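All chains are identified by letter, namely A, B, C and D, in their written order; residue positions are counted from 1 within each chain.
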Amino acid sequence: MNMLINVPETVVADALRGMAAAHPELSVDVENRVIVRRDAPVAGKVALVSGGGSGHEPLHGGFVGRGMLSAACPGEVFTSPVPDQMVRAAAAVDSGEGVLFVVKNYTGDVLNFDMAAELAEDEGVRVAKVLVNDDVAVSDSTFTAGRRGTGATLFVEKLAGAAADEGAPLERVEAVARQVCGSARSFGVALSACSTPAKGGPTFDLPAGQLELGVGIHGEPGRERRAMMTSREIADYAVDAVLEDLRPDLPVIALVNGAGATPLLELYGFNAEVQRVLTERGVPVARTLVGNYVTSLDMAGCSVTLCQVDEELLRLWDAPVNTAALRWGC
Amino acid sequence: MNMLINVPETVVADALRGMAAAHPELSVDVENRVIVRRDAPVAGKVALVSGGGSGHEPLHGGFVGRGMLSAACPGEVFTSPVPDQMVRAAAAVDSGEGVLFVVKNYTGDVLNFDMAAELAEDEGVRVAKVLVNDDVAVSDSTFTAGRRGTGATLFVEKLAGAAADEGAPLERVEAVARQVCGSARSFGVALSACSTPAKGGPTFDLPAGQLELGVGIHGEPGRERRAMMTSREIADYAVDAVLEDLRPDLPVIALVNGAGATPLLELYGFNAEVQRVLTERGVPVARTLVGNYVTSLDMAGCSVTLCQVDEELLRLWDAPVNTAALRWGC
Amino acid sequence: MLDAEFFRRWMAGAAAAVDREADRLTELDSAIGDADHGSNLRRGFAAVQDTLEKEAPQTPGAVLTLAGRQLISTVGGASGPLYGTLLRRTGKALGDSPSVDREQLAAALKAGTEAVSRLGGAAAGDKTMLDALLPAADALGESFDAAARAADAGALATVPLLARKGRASYLGERSIGHQDPGATSSALLFSALAEAAE
Amino acid sequence: MLDAEFFRRWMAGAAAAVDREADRLTELDSAIGDADHGSNLRRGFAAVQDTLEKEAPQTPGAVLTLAGRQLISTVGGASGPLYGTLLRRTGKALGDSPSVDREQLAAALKAGTEAVSRLGGAAAGDKTMLDALLPAADALGESFDAAARAADAGALATVPLLARKGRASYLGERSIGHQDPGATSSALLFSALAEAAE
């Protein structure tokens, strides 16, 4: 596995330096690993802070900017960040209106964000937290760490970020985030394993000609392994897996997401099949986003996230956003 | 090589259907393979038409919209489109002010666009053509097909597109395009081969632990093959290869482009090294764009394009653009 | 004398040969190009068959002109415009007489190959389809079989050449030792012509 | 009696053991987790060494509290907050006396492991570090060696268990048959403690 890196130890710091150079509109603290919008704190507005292990770019750093995150805290590759990062981020972005922590449901992320919330509150920042756990591949049981946080994170950050941008108070921003968490579900498929720099090779074995149905964004095991399927069959499986859990009585926004190494050409073709299934199942689609947004390093594969939206959420979706990876309306 | 497709024969048509579903702001003619901005023809404005083999997405379809292309013509994977597509596109977008064809320098593209230009002119459309040939890995000799067109295409489409959006006449839009062709150079590196659906596997052999320096966007051979290098070494090699050909006395815009399967995390890290070399060589960088813009299906690797800009070109770069893959200022 | 029916038979034979040999053509193109020559021509000649059946042109010139236009409209790549131009210009040179003889066809094909050379800027020895087309058009003055043999020999003779045009030229010295896919498909075209004449 | 110097020796021994065994820990984490436990703890305990040398805390409680804080600040993942909490809470329970005895340490470690259990919501038998920590803290009432042996045995006993917490829980039945990486690093911690006491 050839990687475009220097040494595994500096991968995250190198990326942050490269991000700083490419995005003067961001203030990137390479040493302390915090990416903050340059105009923070924005007076009178609630701030959003997220973070997690690196390797899922553009999540989260690519979503920092007007109408989405105020700051992001990248951890080591596939390792959740430490509380110091979130505390520092919260202090940098809090305008006095409070901070919402957007946390993906992994033990490490939960524990570190919990600690950070306590510490930040000690420093006088009002903190609310929302837990994203949208991956229907995992049965949500008290006997496991629970459903994983994946593609719905983009929706939480966009929609709650839009509410904050409009000046909604912390309680309302948190309520929007919770509504989105309840309305969005995802299912992912791996056509190849991904390789972390530290390991220097694939983190799991996927025999040639097989795919993993229900894979997690760190290559966690899914529901089953099968012989390779067509785009059509994968769309049927993935969309039905989501709809089994989420029975929308309103239109959905569809995120057809690439895992990192699947060509955009294939991803658009897959979107055609996703739209077909949704039409067949009678689910109206209000908006569609196709691209590599929540990735797993060099994994080939895709995921489908559906987010049920009422008129208010749809309005928040269309609201201006100005980040490195998602930008419209401004 | 697992691919997210149905059958190789329908890959392009499937992608176009998926694109149509995701982008209501585009008018996608799936049967005739033309992607047109929905508001075309735009009265009083010169139109830009480009196209080429598929497999380089978001190029060109992702660059259709205000401030960039008026239409794009996707061919089969890695096969240039046929003249009928460009003729149809030209007819759809011409407001009477004329059409600029942006053509990458490959024999197939050149011949098909030439024929299309003749046919379109027969139908009364004023056509100008610009040939993009920026790949410094190939020596530009009359004994070969000449330098290949790669990353500079994005600059030609953006900058000439901005001039057209401002209402510049065809001669001026063409002049901007030519200036950009003269001011932009690229160098690409493959860390893995790419696989076309038709072939079902890698189109060239790259032994593990080796990289191809100077690779083309269809996996064409480059200058040499070496044992795997660090991000730092690759940046030195690539930037120096470009600067050997282009000796800027003005600032440059840097495009640090991913070949498709290289994680964004690595690409940002590579950008840090590119910026370092440029600083060491005394080249001021006015703007930087990092991402997967001119891809080669599932190839791992990267390319560097430098485009020397005067104040006018820089202004055109910053001008509003509203396409699927590039969007700012509007 | 060769009538429209003869030319339709030729095109049908060419389509069958290209379909049969598509994988070999793609394999050759994989070595020094981008692995699409077989699928490109298969798509094009299948479309030629369709359109000839539908429009049933009534003169030799009309058959080749229509076939050429159809190749241009469906193949893409380098070979689409080049083969399309070959057939279109050959067809135009044949005029609109209801039948032609072998000498007339030979002369028309020379006009066609010249148009290919002008369009692509290639000459004999550049390791392209012209290395089969040029000697074949010459030998057609002699006989159909001589033309087919000359095309075959020309294709084979591309092996030691260094490519100077098209995608293979990027390989430089590394293009040596491989047979040119376009010259190979040109040889198929002339074999089909000889078969049509049998 | 165990003074600050003893606790610094313990931490130095733990850092050396984690560094030595990092690859094995990562290998174990690769089987049922995400292949980072070794590099996580190596990064963390190296930072602990640095900070203990720089700040030279003068009581057992201060050594452990500082070490715990440093783990929290540098490890990340699940194990960072958990090990950090273990040492911090143990340190706090030790108070600020300049030296403590083994029984006091055992009691403090019980408070620490309880805090770990509360924080992560895991209990004995869930196939986590607690399966080594809980029996070890118990056995420390007896002797340092007994604690080290109990931690080792606890780590080994995680092999047949089904993971119910952390990343390994996604594997369900497939987590059975693998030793838990966190329980394995906990055993290293107690071996280092026994060595410090020799």
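Just so we're on the same page, a residue touches a chain if its C-beta (ideal position, glycine included) is under 8 Å from a C-beta of that chain, and two chains touch if they have at least 3 such contacts.
Source: prediction; values computed, not measured.
Shared contact partners of chain A and chain D: not a single chain qualifies. Omitting chain A while holding the rest fixed, one finds the remaining chains separated into the touching groups B, C | D. Chain C has its Cα centroid 54 Å from the Cα centroid of chain A. Centre-to-centre separation between chain A and chain B, using Cα means, comes to 29 Å. Centre-to-centre spacing of chain B and chain C amounts to 31 Å, using the average Cα coordinate of each chain.
Under the contact definition stated at the top, the residues of chain A that touch 2 or more other chains are 77. Contact of a single residue of chain D with at least two other chains is seen at no position.
Viewed as a contact network, the protein chains form an open path, each link joining two chains that touch. Annotation, chain-chain contacts: A-B, A-D, B-C (touch as defined at the top). Touching chain A in their complex are the following residues of chain B: 2-7, 10-12, 14-19, 21-22, 54-55, 57-58, 62, 77, 191-192, 208-211, 228, 230-232, 234, 256, 260-275, 285, 288-290, 292, 295, 297-298, 300-302, 327-328.
Listed in rising order, the residues of chain B touching chain C in the complex are 53, 75-84, 106-108, 111-112, 114-115, 138, 143-145, 148, 196, 198-199, 203, 216, 218-221. By the touch criterion stated above, chain C contacts chain B in their complex at residues 26, 30, 34-36, 39-40, 43, 72-82, 119-120, 164-167, 169-172, 174.
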